[in-house]
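By letter and in written order, the chains are A, B, C and D; residue numbering begins at 1 in each of them.
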């Protein structure tokens, strides 16, 4: 088979060329050693060897804190119009691609979320091969979620083989063609292999609340929120409204939330449907490995390993999941 | 439209919370359009309480008898009483040695000379009167103070946060000082809302906003112990803004 | 359809029902689904500008003129200031959301409506719908309990329905002393105790319940003793909700989302689920 | 409410105090400043804390002066523990302190003092009567805060300043921004000088007590105290020399020269001790009523000095530096810095585990109490026959000339 390849030495040119199609963001290692998705401006190259970024690319689609509605007495509630800026996310690992397809299922569809949909339609996804480390679990329990991208870079000696996987991808590929060389040889299998495979999980009884693990998690959890903030599929949000100083207008914001926080299931009068942290861990477990509502049966965990890396006390639901879910289907 | 009448008072404190208001240089005109700063001794004369107030915004903790009187008076006259800042909400830095011998402390400062000052261990406002809302921080964030005031113009009090500083720190994608730099960052135990001001500049959170609900002190201490920190020292550090920490 | 944007709704009338509860009638766009096409048990999201948005059950019947009745308990950040709403004030609504009571399944059946406190709000909507086609249903028994006499909502309305022979009614309050001047027939009893002396045809009866979550386990076991199966018992659940459309992640019950799979669930669906009846 | 009315608060100053008039029959014979601020016992609070906690706690003494308290505490701790800081750290700290100076002076001039001159109650009435002047003042004030926020991380209680250095060094872009703002502000500052010097006098000319300031002039830093009577006292001896005493009617200790002679610190004292040539002609009357003028002149000095500091920093090139190492854990040390209101001394002693065993903080308003008493006496003497209310008003305005900061004074 013939593959179109980009040499590592040509990467900067490729990025420069891509910039003609929109802002290009990718994993960048900061001075502090933290890898974050950030702008790949001329001179800033992506760190394609990094296993994971601190926050997942969901930050581009669902901002940590954003205004979802504005209110004025004259025009009532309005969705804030956002100029859709073309954004190319470069160097996404298959787990992050799967994470985006999970978010798509929640926020697109018949009744798409206006802000999400606007941003999503302006987004181009360029995936890249990765090599999982001991925190990754995509290889342990494959996900039914598709690792869908527009373009994909598969690692080959001193470069990447570039394939387009959508019409948008084909357009970009055509635009960067001169930078690519044809090479013979089969593409190596990559971690996309673990995604879009299992169709659905079988019905299982609810995890037993008496398992000692819940209490252990609860005792060690600092409630810092890191696990869900960096998770590519955690998308709980809180909604708040603030009146403005003019005494009449207001804005409504949504903010990333975490199911381990006290208020997550609290209702008026202080009553809570998940008073203790152990219950909340079961809730988290449910979401990550069983799925809710329309996504029932679709585990949300894409195996990126972020929560395990981020948790200051090293909490990890994975071993329990392997025990209860039987290592995937 | 009637302007809302405010009483802005300082008890035992550094005036930082009141100054935070005066530091809203850009917003002062808009604030003056909505509010009458009727009682505000720091910035306006004369200091006379008169009639009723839509809100009393009170800085500082209680540490002298006459402050209790003033607070009762403010409570009586005001629809809402708001604790502004960590001293008012939690006791703050002045409560650092609560529970120790006050006379001994007095002597450390004034020696044996008989200076007649009647003070007691600093207390937060809520220990004496009903507090309708609190904006914490030492000093409070301008943004939160302005949100409070904007809310008041529409009759709303702020909704409480329940997440720690870490949450906003991670949202900003900062390097974690606690786990990656072995610094004594109090982010996990401290109420969020400051957008992780300090860790964002690589300075440890010193806990200036008071405790977050459900703070897991035990686990935090265990984490510190793992890196060889002395529990006494960590607890000492925790007490900087709130004397009430318990295991 | 855009379910994310609240549409203006003008307060037509506000009437106090008890110390902490009011009936607010709003006028929205006429023939809009938010007022014209909902099922009893469904809810809408009501916005008070500057304060926020809360899920509120429909309390009346769909109408083509845009009128919506909501029964609101003033308990917190958004609902308390609604106490001071005045005719002419502009609020905002979006909906209808969720799955309501399965009216079509109820055809030809006897209905046992059990409400505790504010839980009467969605059941009033159901009751009005049943009475509109009174002949299509068997017995309609309403069991309604509240903390005290003053907290019984719509008592006059219920007594009137009873007088007209449309429904069988039992009222109860928790506290003895306040019951003295209660409406005729009001007993001092806890809600589940009202089931004790009840005789129903267990084959042909459905129960529809809405009330404080604490009584649910008792009501369900009481109904089971009457011979009702789990599929014949429908409960409306309350959960924290921030969007109403299955996104904010707060309201899951087991694997289901209260806002789209509920708020009305059958006891069958909730059986064995942690937190289902709590 | 009885006690409250008795409190009779002095307004438009930081903290809690009152001016009490002493009467003999109908005649007012004396006046004194009472500080009834709660003593928070900071010097005791600090005992038992580790050296690196000292500045974080000490800066909470006062918000208006928090940056300078922080810096004085840092330098005191560093003196005690043999920590030497880099030139960059020194420049940045001074920049922050100049920012504090700008903020504090602008606040005093345009919000706290100006109402006295225009006969209004406060900033709300200023907004109605002289809106552009208030706006101008607020612009300058905001710039002072921006400087403190960029260097210190926050306008009040700057957390970015640490023992041995900074948590994060601001970047060139931020400093350039400040530099541009400072350049733009010089017009406002010049206009402020013109405006303030043209205000009608509200107080009589009253003789001054001797002046005292830290040796460094407009840099606000220095290693000894200098006085208008020719003394020069190194920092090590200044605590003893400042000689704090406890006097009954105030919660703050009082300082006197040679046991008995009161002296004055603050903007006017600083200028009188190192007057820039261009301003000499403006301060010929040597009276406390010129304090406001001194402040507005200092505003200009601070703006210029801040620009200079930024120039040095940018020319040197900003770099992230590790915090300087601790020389020795045990030791004793003190530092002097000019706070907006005058000489500020922080001095500490640490044991062999770096734990604070003794703290001594001397603040400008505490020092100024003696001078204020002298001024009040002199004022009363010139107002013989005036009514109570009139004397009271003048006495309060006089006290405001010293811009007392009562939280600092009492701490």
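Rule of thumb we're sticking to: a contact is a pair of C-beta atoms (placed from the backbone, for glycine too) under 8 Å apart; a residue touches a chain by one contact, two chains touch by 3 or more.
Treat the numbers as computed from the prediction; the structure is a model and nothing was measured.
Distance from per-chain Cα centroids to the pooled protein Cα centroid is smallest for B. By number of C-beta pairs in contact, the leading pair of chains is B-D.
Each chain gets one centre point, the mean of its Cα atoms, and the points for subunit C and subunit D are 65 Å apart. Distance between chain centres (mean CA atoms), subunit A to subunit B: 37 Å. Subunit A and subunit D, compared by their mean Cα positions, are separated by 52 Å.
A separation of 38 Å divides the Cα centre of subunit A from that of subunit C. Multi-chain contact residues of subunit C, defined as those touching 2 or more other chains: 49-52.
In subunit D, no residue reaches two or more other chains under the touch definition. With touch defined as above, residues shared between interfaces to two or more other chains in subunit A number as follows: 240, 242-243, 248, 250, 263.
If you draw each protein chain as a dot and join the dots that touch, the picture is not a line, a loop, a star, or fully joined; it has some other shape. Chains touching one another form the pairs A-B, A-C, B-C, B-D.
In the complex of the two chains, the subunit A residues touching subunit B come out as 30, 32-34, 36, 54-55, 64-65, 219-226, 229-230, 240, 242-248, 250, 256, 258, 261-263, 277, 310, 312-313.
Interface of subunit B with subunit C (complex): residues 151, 154-157, 159.
The residues of subunit A lying in touch with subunit C in their complex are 68-69, 71, 73, 76-79, 106-107, 110-111, 113-114, 205-206, 209, 234-243, 248, 250, 252, 254, 257, 259, 263-269, 273-274, 279, 282-283, 286-287, 290-294, 296-297. Across the interface of their complex, subunit A is touched by residues 1, 27, 30-31, 34, 146-147, 149-151, 153-154, 156, 159, 162-164, 166-167, 170-171, 173-176, 178-180, 187-189, 202, 212-216, 218-220, 223 of subunit B.
Interface of subunit D with subunit B (complex): residues 1, 3-4, 7, 9, 11-16, 36-45, 47-50, 53, 56-57, 60-64, 66, 107, 111-112, 115, 121-124, 127, 138-139, 141-142, 145, 153-157, 159-160, 162, 167-168, 246, 248, 251, 253, 407.
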